[in-house]
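Per-chain residue numbering starts at 1, and chain names A, B, C and D are given in the order in which the chains are listed.
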Amino acid sequence: MIGRWTIPLIVALAAACGVPFVAGDYLIGVALSLAMWIALTESWILLSGLTGYVSLGHVVFYGLGAYVGILLWGEVGGVLAVGGAGLASGVFALAVGYPALRVRGPYFVMLTFGLAEFCKYIVIDVEAGLGQFSRLLLGGPSVLQLYYVVLGLAAAATALTFFVARSRLGYALRAIRENEEAAETVGVPVAFCKLAAFALSAIIPGMVGALMVARSSYFEPSQVFDPIVSFTIVTMAIIGGSDDARGPFLGAALLVLLSEILWARAPQVYMILLGILLIAFVLFAPGGITGRLLSRPVKVKP
Amino acid sequence: MQAILSWQLLFAALVTGSIYVLVALGLNLVYGTMRLLNVAHGDMVMIGAYVSYWLFTLSGLSPLLSMLIAAALTAALGALAYVGLFRRLLANRQLVQRLEGNSLLLFFGISIVIQNLASLAFDSTPRAYQYLDRVVAIGNLGITENRLAALIVTGILSLVIVLFLRFHIYGLAIKALMQHREAATVVGIDVERVQILSFCIGFGVAGLAGALLSMMEQITPFMGFPFTIAAFVVVILGGLGNLLGGMAAGLLLGILETYGVALTSPSLRSVLIYGVFILVLLVRPQGLLGGKRVVR
Amino acid sequence: MTLLKLQSVSKTFGGLRALRDVSFEVASGEIVGIMGANGAGKTTLFSLIAGNATPSSGEIWFKGRRIDGSRPDQNCRAGIARTFQIVRPFAGLTVLENVMVAVLFGSSRERSRAKAAARAEEILHELGLEERKSQLAGSLTLSGQKRLEIARALATGPQLILLDEVMAGLTATEVNELLTAIRVIKQRRSLTIVIVEHVMQALMRLADRIVVLHHGEKIVEGLPAAIVEDERVIAAYLGSAS
Amino acid sequence: MKRRWLLSLMAGLALMAAASAQAADPVRIGFAISKTGLFAAGTGSQFDTYNFWKDQVNARGGLDVKGVKRPIEFVWYDDQSDPGKAVQIYEKLITSDKVDLLLAPWGTPAHIAVSGVVERYKFPMVGDSAASVKLRELKPGNLWFTTAVMPDRFGPVIADALKANGLKTVAVLTPQLPFALEVKSFLMPALKKNDIEVKVNEEYPPSIKDMTSLLINVKNANPDAVLVFSYPADSTLYMKQARENGIAAPFQFVMVGATESWFTKQFGAATDGIVTMGHWSPKVAAWKKAQPFFDAYEKQFHEAPDYLDSALAYMSCEILEQAVAKAGLDKDGIRKEISTETFETINGPVKFNGVENATTPASLLQIQGKSMELIWPPSIATAKFEKKPAWPAN
């Protein structure tokens, strides 16, 4: 299985690295968006695809990363700011994960959504308290530099999800998804495993958040905590097939393409299509495109 | 500080609370009878508000009349959603296993579609009209007529619904379905019809609440979501499926929000609502006031 | 040697008392049967021992250590395994993966997935499931899922295994096969078994000793032969339920 | 005689040829504007004025690009009142649409947001309906604030006006938006300096739907002046609810929206006495181009231009036009031109000190009956402040 997918992946990565040599600023920007969404969706799958705890608030990690990033960037430089953003998101996940992950099923979905909105308004109020509405990051890295870094993060997120899914932890997480009581009863330390997945799925989105602030040079809380980001992640994952590291490529590619065609002239149409895609996939193809293509069951020779 | 003691504030709290009561009631019906988590519920409020806005702006029709049209329209949408989407969901065994989760994602999709259709049709600029906006003075309490009207309508409607559920045959069937689904089918209740009815009442009441709201607040295509959140808080506080508990909780949230904002700052309003929302989910998703089931 | 000891264990849910002052001991290597009508508190008892629930009062000791209040996964690693009356397979995982999870996280805490897979295959072989190992667990027949429950419990490497109505719903032939399998497995691993069973005959043939629960209280404890004769048992259980 | 005729014919043909060459080669100017969303109600006059300017210039034969006249073509998008979207749009305008020039979006949030993009691509843009001290301090090199109401000047101006009119107590309501927050931060110390007591000081979210609890506080405090640093949506809300709650302060200020024509149409007599942010008036004789602009605008749109946004939008176009006439479309040339030259505008001469309009004074405008009057500072005032009359009883 690894063999079958390694070569296409390496080819794709090589092609992605080559994009800037043939494309102009605009296309590099599009490729950057694509890489960003892949990184975010892969991270989401590590949590939600594997454990079944569907997060509809993953933007909270992105937003926190962005906030920490903009606060640190001018003080300590880009590298440390991005690292700090990832760290902060991870720590935040550890802090809220324990109580949050005790809530199950649809309540967890709503909880994550509420948590992200809550954090958004907290940050808005904190910023307003500091007399800020938005912040600027002038003189950040070029789009090209950002592209390579985010591409690296997308690759890292994919690899992380791929290997965790096949690791000891991955078995535990999927057992939790299927039946949490049974998993606990056969010795899986469920609270610990869920928390680990939660934290692991938070770090890369945090780093991506900081980088995307550098990309737009602009930070505004309601922008970086936009719930549409969470919504898009879930839709991308479900379109692609949500419990596999291969899923997001198709979902992200499709939606980024759609978005590029529509966002400037018909943003509402884009959102409507997004909603319709989600409805259609939940109703008709819960396994996503990948699920359809690779009709299961998956062979599991370790 | 004096503001806290003013009747004005209490009145504002009651108006907000009564709107929450109506919105949450519909959510509770749909969840209670079918275990569907309708996060598009607040969008019915938005649709109802636009119906009344346009009818008033174009033909001068009083929102107190057009609220019936708004309710009928959203009720029809409810029936449509049920027949078009949820019958399929409820009929598919594989999907029913994860019914609550799937319904949540479906309704999120629907919500996004509705909001953006509205934004496409009406654009996202806030709109308002003026109707019954004279101030009547009762003692030193100044009340806008439209708020008074809204409070009266919500009060009457809540009463009607309570009586309907207690005495009408369909009301009883809905209650039976909420308490025990299988038993309800055994005693010969036409589950399908009751479910459609729940959808219609639930959506219709939300639409009506929106029509009332349009007299008092600016409306936008994205105004619905906070009501969804508030409705969830109310339903969870009052106990899923517990209608009377929900009514009490609706008023409680109205008071909590209005006084919370008055004591702190309007900028904390969202933090307050989402804070309560998170807390309620973390502490006790099965409900604080009511037990696990029970409609009295 | 006493492996498991319950000392006046009670459990209430809300106002409802599911278990009241239940005490008994299980020695190493024994097979103890638990009998009782529906709602007598059998499954609650298992949940308390396995750690899925915490007793309202009383103490539970395992291998000389107090375990009431510890988590199921801790108890599992300490050597207690259980099956569920209503089967709980990891439906979306394959049969082999189901068992591998138990090997990886049970008392052996196997690190290598290759070794875990090999060990899991052995256990599946013992329970006659090896041919189904690549199938999704959710697609097994009821009989297959019951066996998988046992396989998964065994794979955690327990000293004590709690079997909750593993024979309910099986045909007579299937019951016989399963009885044989359980005996063989017990011998091979010197297991201690506590078993809840509705199929009376099976329990009589398997158990060394039987504890009878009625409305959450232990009313009698003794050898199978004596139990069937006991008037209280006949009145409380045989008379009403089966 | 014949030759002359021939010559003029040839000249005419050449002109036409040149004209058609120009027509095939327009100057493309890009911008984003909030056509929908929270700010939409406030953006109409800026948008109309951009188009008014474009039509005027095209009617004159086109934009003078270093002596060559080329027609103007707009490339614009709706940013939906979302500054983040404005960022994406300006990047798209520069990298994908490859426009020749940029005009500014509406409002301070979007200006701040896109300043990073124009900086990244070194693309000069004359700002209009925006000002930010924080942004000024970051010393951007490609964005200039045409407006006079820089928060650090506008805050003290308000305080001075209050003091001069004998108003001693205020209630301050501020939406959480950058310009509003900045103005407030410079207003507070100025109030203190003038011994004006702040009785209510509240912030609220920009999308606020109900101000009742705020206005109850204001009413109980009964201040001489109510300052609401509002944007169109909340200005509207204030007008409705202040009347409901019977706010009786003689000085009631709403910040954005009151200069728009719909505002007076919607609220009629209730607007009498409302004070708002000022900048321009056709009545100031020293601003020679003001009255002609007013007349031409009124002729085309059958309504008066917005004293704030139309004026600012037109000024920013004038500045860009004059810079391009000298520097052509070369970005570095335009930047140098804007930074150093003095421009003749409808608001008088404008010269930038750094990125700030250093010449035009910050001012206050009051709606008096049906007319708009500059009431402060005295140097450009067209009338004196009048106490707001009681709200009309429907």
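The definition used in the following text is that a contact is a pair of C-beta atoms (placed from the backbone, for glycine too) under 8 Å apart; a residue touches a chain by one contact, two chains touch by 3 or more.
What you see is a predicted model; the values in this text were computed from it and never measured.
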{"item": "Contact-graph separation of chain C and chain D, given in steps at minimum", "value": "2"}
{"item": "Longest centre-to-centre distance from chain D, chain (CA-based)", "value": "C"}
{"item": "Between A-B and B-D, the pair joined by more C-beta contacts", "value": "A-B"}
{"item": "Innermost chain, taking as reference the mean of every protein Cα atom displayed", "value": "A"}
{"item": "Centroid distance [mean C-alpha coordinates] between chain D and chain A, Å", "value": "40"}
{"item": "Chain A-chain B separation of Cα centroids, rounded to whole Å", "value": "32"}
{"item": "Residues of chain A touching at least two other chains", "value": "124-125, 128"}
{"item": "Touching two or more other chains - residues of chain D", "value": "80, 176, 203, 205"}
{"item": "Touching two or more other chains - residue numbers and ranges from chain C", "value": "none"}
{"item": "Graph class of chain-chain contacts, one of line, ring, star, complete, other", "value": "other"}
{"item": "Chain pairs that touch, as defined at the top of this document", "value": "A-B, A-C, A-D, B-D"}
{"item": "Interfacial residue positions of chain D with respect to chain B in the complex", "value": "35-38, 40-41, 80-81, 176, 202-205, 208-214, 216-217, 220, 233, 236-237, 240, 244-246, 394"}
{"item": "Residues of chain B that touch chain A when the two form their complex", "value": "37, 39, 85, 88-89, 94-95, 100-106, 108-113, 115-117, 119-120, 229, 232, 267-268, 270-271, 274-275, 277-278, 281-282, 285"}
{"item": "Complex interface listing, chain A residues touching chain B", "value": "54, 56, 99-100, 102-103, 105-107, 109-111, 114-115, 117-118, 121-122, 124-125, 128, 231, 234, 238, 268-269, 271-272, 274-279, 282-283, 286"}
{"item": "Residue ranges of chain B touching chain D (in the complex, touch as defined)", "value": "2-3, 6, 8-9, 12, 119, 123-126, 128, 130, 133-135, 142, 144, 216-218, 220, 223, 258, 261-262, 265-267, 269-270"}
{"item": "Interface residues, chain D side, partner chain A - complex", "value": "77, 80, 82-85, 87-89, 91-92, 95-96, 109, 112-117, 119-120, 134-135, 138, 140, 176-178, 181-182, 185, 203, 205"}
